[in-house]
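So, here's a batch of structures to check.
One chain, chain A, appears in both complexes that follow, with chain B as partner in the first and chain C in the second.
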Partner chain A sequence: MTAVAGDARPARPGPSLLAARILRMEIRHSAFVWSIPLLAVLFIYDPFRTASGYPDLWTVRASVVLNKFWPDCVPFTAAFSAWAGSREGRRKVGDLLGTTARPAWTRQMFSLLGTLAWVLAVFLAGIVVIYVRTAQVATWGGPPIWPVVVGLVALTGVSSFAFTLGALFPGRFTAPIVAVGLTVLALVAFRQSVDASGGPIGTLSPDSLVPPNDAGVFYPMAPDVWIVQVMFYAGVVLAATGLLGLSPRTGGVGWRRALDAASAGGMRLRAIATTVFAVGIALAVTGFGLAGTARTSVTGEIEIPALHDSASDKPIAYTPVCAHVSGSFQVCLHPAYKNYLSQAVNSFRPVMAELAGLPGAPVRATEVASLTLPAFVLQDNVGDGEVTGTPPVYKFGMNNALALAPDATQLQDGFRQDIVHAVIVGSTGQLTASVGTPAQQAVVDGLLKAAGSQPYPVCGPGDNPNANRCRRQQVPVTAAAGRFAALPAATRRAWLAANLAALKAGRITLAQVP
Partner chain B sequence: MSAADSAAVASSAGVNGAHRLAPSAAGPARLAGARLTSLHLRSRRVPSALVALAACGVVLWAALRYHWWLGTGPSAAELPMLIEGCTAGIIAVTTHSPFGEPERATGRWLPFLRLSMALALCGAAIGLLALGAAAAYNPHAGVYLASGILGIAENVMGFAGVGLIFSVVTGGLTAWAGPLGFTAICQFALIANYSEPLTWAARPATDRGGWIAAMVVFAIGLAAFTIRGPRLRPSGE
Partner chain C sequence: MNIELTNVTRSFGRNRAVDGVSLEVGAGVLGVLGPNGAGKTSLLRMLATVLPPSSGEIRLLGRDPKNTAQRREIRRRLGYLPQNLGYYPAFTVVEFVEYFALLKEVPSGRVHKAVAEAVERVDLGGRAKARLRTLSGGMLRRVGIAQAIVNNPDLLLLDEPTAGLDPEQRVGFRALLRDLGRTATVVVSTHLVEDVGAACSEVALMDAGRIVFRGLPAELVARGEGHGVGDAPLERGYSAVLQAARKGGVAA
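== the complex of A and B ==
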């Protein structure tokens, strides 16, 4: 043992070392750690599994960060933050701690940071897992950063707000009530966000609808809404922490004395708390106000006029990936959908083998932004695109073609139905007014059956009187379609070459279909 | 320890109120029993719990009246389930005793008081939520609770059972974590259309398997809490 001189003073740790030590203690004692196993189970079964089922696209898969993982974290974040915040009041040690060298605000900040460290670490770990998995399958683009930033700031907001509520109203009921209260609030905001007239509350909800699968592919994602959300939740963080420093119930000095420069001691701290609170309120109010001005942009996204950069409305340059289907017919996709090229080729091949060279048959298929397709394609889900131009080209989008849950049948049937209808009946646009004569329907369904696809859903889904009556009327059409499909391919093609013009003009009756 | 708390210990111990607890006459004994029950409930913050449960009923009423929920399918059950989880969390934290170990040496009435309190609070929670739903009931406007009172009863009792089990394992003050976590699991099961009996809240209120699972959990929780009481921690929490 080394002898120590009598007048030697023990070395005092520096302020940063002391802060790190306190923070480490708070992190070690945070109760949030007990919720991590449950959150891990929820993460695997909810966000991770959902993202793994989504198409191999960065924007769609990253949407689970805010749509699934964020709401999973909210109740636990709120509960354990409120629990940590109510600690001193619950244990009735306010008087005891009133004599400590550091102000109550500093002490509470470390307690908040201790919980927040776990919350953010868990959230980031989940994001890393989702992004690494997506990076293994995505063929274009990169990890979106804004959902991560919004998620982190919004969770910090939830944590700070819940902590402050816990500190202001300490008690055994605080944690569960705050947790459920904030979760209900998040759920109501989500309901507003999916509602067409959502208003500012809906715009500020991080949890919203899954974006269309070509979002961020042809046009950049406008960050307007994300900026407003970050602004609002950062305001909540600052306002909540400022309130902690001001409220006498949490060891602060009270509202009146906060503004009293002449009061004794801690003036700098009060000034900081007041400033933080004021800046927070200003940010939150500004964010809320800006959210109220949200509108739909020309690219179909939500934009905030005051923040919108018109550069984000310009299309992103790309080199399509193409493959030959049969003869000179080729299909081209955006490189983000490269993984679906072989499925697309297999979808077009049988139908183009039947129709290639006939009048009105497309010479190639090209993917375009869904936004550039006619409104009826997007609104009525009548198809994936339309055959247009001279020579005819099948222009399609992947929004309707590619389901959120993997469904190869949907991809192949949609393309085939579009092309067969366009050649036999007319463009998809005409289908909204008429699905064609019975003879046209029989030939369309016969060709689709020969190609291995489902017939065009003329009667619509469901078990209702109108649909059932329609299905009864379709019986002779279905029989004729079966006969036509059973013909040899060469016979079908020869009949079509000879009769297509008359069939398209509606001069062929059902009985005349071979 | 407040005066009420001290009185509760003293009364239940029969230290300074022995003459009141003495079964010499039926009247004073009934009075003593009522006082003991009253002090027990006050020491567990039951009046505050009733206020909080009433607030849950008001929130349910507002959620129904102002269409806070989303859709008419399973999503419509999300908000009521959250509120039912909250009531279970409130019931769970009332199990905390401020007296700790000494109270357990005070006589044979404590388990009965625990049992009565848990049952009474469950009944109050079901009643107050049903009252909230009934106040908002307007079928012509499409305003009604899809699961009905059966769903409320099943979820409140089942979630409370989880909370009571947690109170035995973790202690009363942190027992809210059980109903909260279990509600989160049921919410996920509801959205993902999982239909295991153990996630009964995601199944229809008339489902027999769900009821059996909920009642088994409630019975286990109630029995464990009645016999053992909440876990006592050295910190007092």
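== the complex of A and C ==
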């Protein structure tokens, strides 16, 4: 037997080389790859198809990133991350790996990154497809970055959490249990909280509701909620990865020793793990606390008072896109809705051919932010609008119009019904929407019928006693409307020119309608 | 000395797996023999720095494994083959060995060469790109040996290394052990006394957590003279020493 072996050993490999080689190996062997075909099918069926059916607006279409694609990715991310995390325990290589120089934490980080790289790459690829498709049709604005950031951080949180659970409780059933658990959390707990619009859990859920069409169009989207979500999920990431470095079950140093080391101020791995864990918990708790302070802002969005920048409450400057409808009457839309301009023109044209130029009739139709319209207008009909000002201008919103009218015909009817109603009946200024006097209703429906549109919806849909009674009462109105519609256009216009003021004032009876 | 143990014990609950072992080992091949439950695997796991001792002092390669930085340095120069080799079935032979080379901090410029050499030394060059799931038990054992020697260790710990190897592979492996033992300290835990006779320069016999014999294989053979238990001289020495130890005397 001889003396101690010599110490002359070449330097250890650089961290970049180690990272590149091990990461390449982990990426190559990540089981997540097997889920990609299924995820692709799910992507086409769910987020992509849904986004393609949404209006051509960046904010609305980008919402599928979080409320469709993110939940779709959660079960796969959780399952394969937990599977990767449990690998050392399942394969019983703990002793073998425990004798290597690299700390267990470093080794596990590479394993986590190997799965995470696929998760994030697939998620980003899906986003690119959605954004490229949206870029082809959107006429204003650009791709929102925040949903991407939130989605990436939240998926990283799911992956880290699941990986740590897998490492702490290795077993062949860990992955499916974690996948089911986190999916239930994402799809049930989060979604219910969102639907109930309640509490910090709902605010923290990336699986949010589809935003209004006007979101980010007239007013900037305040990043408050997104910042809180990023804060919370970044906290989850750090806490989960810190836990990996601390728990003796995952090759970590143990809680007591870690705390001793941290209190001694040493920058060793266990101190770093302790710090990472503590910062993660602090971030997550702070995020949760801030989410609890959420409230509705003046622009109708959710704001976090501690983070809110009042600059995001100021309207965005824009140059409207306009087109002539009939005579001097023109319609102007926000450039984000440019694709709907011809639809709006075609909708307004037949009714404005009869109304334009009459006393009190609007000289222009201008789209405005829906939230600037009075509540009694918003609850009225699909084409939300009112005639105000001098000269009178018909101000209307596209927000509800696009949200409530699933096809072009309904959208067209909505536009016509609302502008005719606004000109002939006007608003009462009260929350209870007015359908007008029988004579007003007859004229409105007559004009709509002449234009080939459905009558103004007075009775509501469905086969119920109230609606049926209403329809029976509407019979004389419908008959008068038919008579009015049957008149030559010039006769209708002449009668309106002579009687519009009296009709609006309610001094014309149904019998007086020609 | 590459291994210095001073009164080392390791307990699992009430069971004392290693009981006051003191040992100094330099370069060469030390065979550790003993019946099931004698404490061989626990001793090797402590030497491999994966199991801390319940009491006593351990110094490996002149360093204290309790110290984080020194333990890391020990591990860079350590090779270990556990009794039950866990592996990743989807990895190829080369990937698995390279994975361990990287984790053992083999210098960057030497990784490829070290991996290739280790794979060749265990005679798996022809299956270098085969996935581990496709290999036989004996081949997997050789993969385990390859990962253990990939960093050209100064301290090599092998727990039942020849289990599953066919006779031809076993002969080759013994030659490899002798070769490694020229510069490094190799500790081989085994049930197979013929491995000890053929490859080990020294032998230690454990029973009930204690080392009951330490000496040259020839000395163990000499202890067996006159005893009728066992087919081979080493086996007779093995049983003679165990019998003596169990009667109360620990042979030196």
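Throughout what follows, the second predicted complex is superposed on the first by the 466 of 514 C-alpha atoms of A that agree within 3 Å, B and C clash if a C-alpha of one lies under 4 Å from a C-alpha of the other, contacts with A are read in each partner's own complex, and residues count from 1 in each chain.
The definition used in the following text is that contacts are C-beta pairs under 8 Å (C-beta built on N, C-alpha and C of every residue); 3 or more make two chains touch, one makes a residue touch a chain.
Worth saying up front: this structure is predicted, and the values here are computed from it rather than measured.
Undergrad: Does the superposition put A:171 against chain B (first), chain C (second), both, or neither?
TA: Only chain B; A:171 stays clear of chain C.
Undergrad: With the two structures laid over each other on chain A, which partner does A:17 touch: chain B (first), chain C (second), both, or neither?
TA: second
Undergrad: Is A:25 in contact with chain B, with chain C, with both, or with neither (first, second, both, neither)?
TA: After superposing on A, A:25 lies in contact with chain C but is clear of chain B.
Undergrad: According to the stated criteria, A:190 is in contact with first (chain B), second (chain C), both, or neither; which is it?
TA: After superposition on chain A, A:190 lies in contact with chain B alone.
Undergrad: Where on chain A do the contacts with chain B and the contacts with chain C coincide?
TA: On chain A, the residues that contact chain B in one structure and chain C in the other are 91.
Undergrad: For chain A, which residues count as touching chain B in their complex?
TA: Of all residues in chain A, those touching chain B are 31, 34-35, 38, 41-42, 45-46, 72, 75-76, 79, 83, 90-91, 171-173, 175-177, 179-181, 183-184, 187-188, 190-191, 194.
Undergrad: Residue numbers of chain C touching chain A in their complex, please.
TA: The contact residues of chain C facing chain A are 1-2, 24-28, 45, 48-50, 61-62, 68, 72-73, 75-78, 80, 82, 84-88, 90-91, 95, 98-100, 102-108, 110-111, 144, 147, 154-155, 183-185, 202.
Undergrad: Quick one: in the complex, what on chain B touches chain A?
TA: 45, 48-49, 52, 55, 59, 63, 68-70, 78-79, 82-83, 85-86, 89-90, 92-94, 96, 172-174, 176-177, 179-181, 183-185, 188, 191-192, 236-237
Undergrad: Tell me, which parts of chain A touch chain C in their complex?
TA: Those in contact with chain C are residues 1-7, 9-14, 17-18, 21-22, 25, 29, 87-88, 91-103, 107, 268-269.
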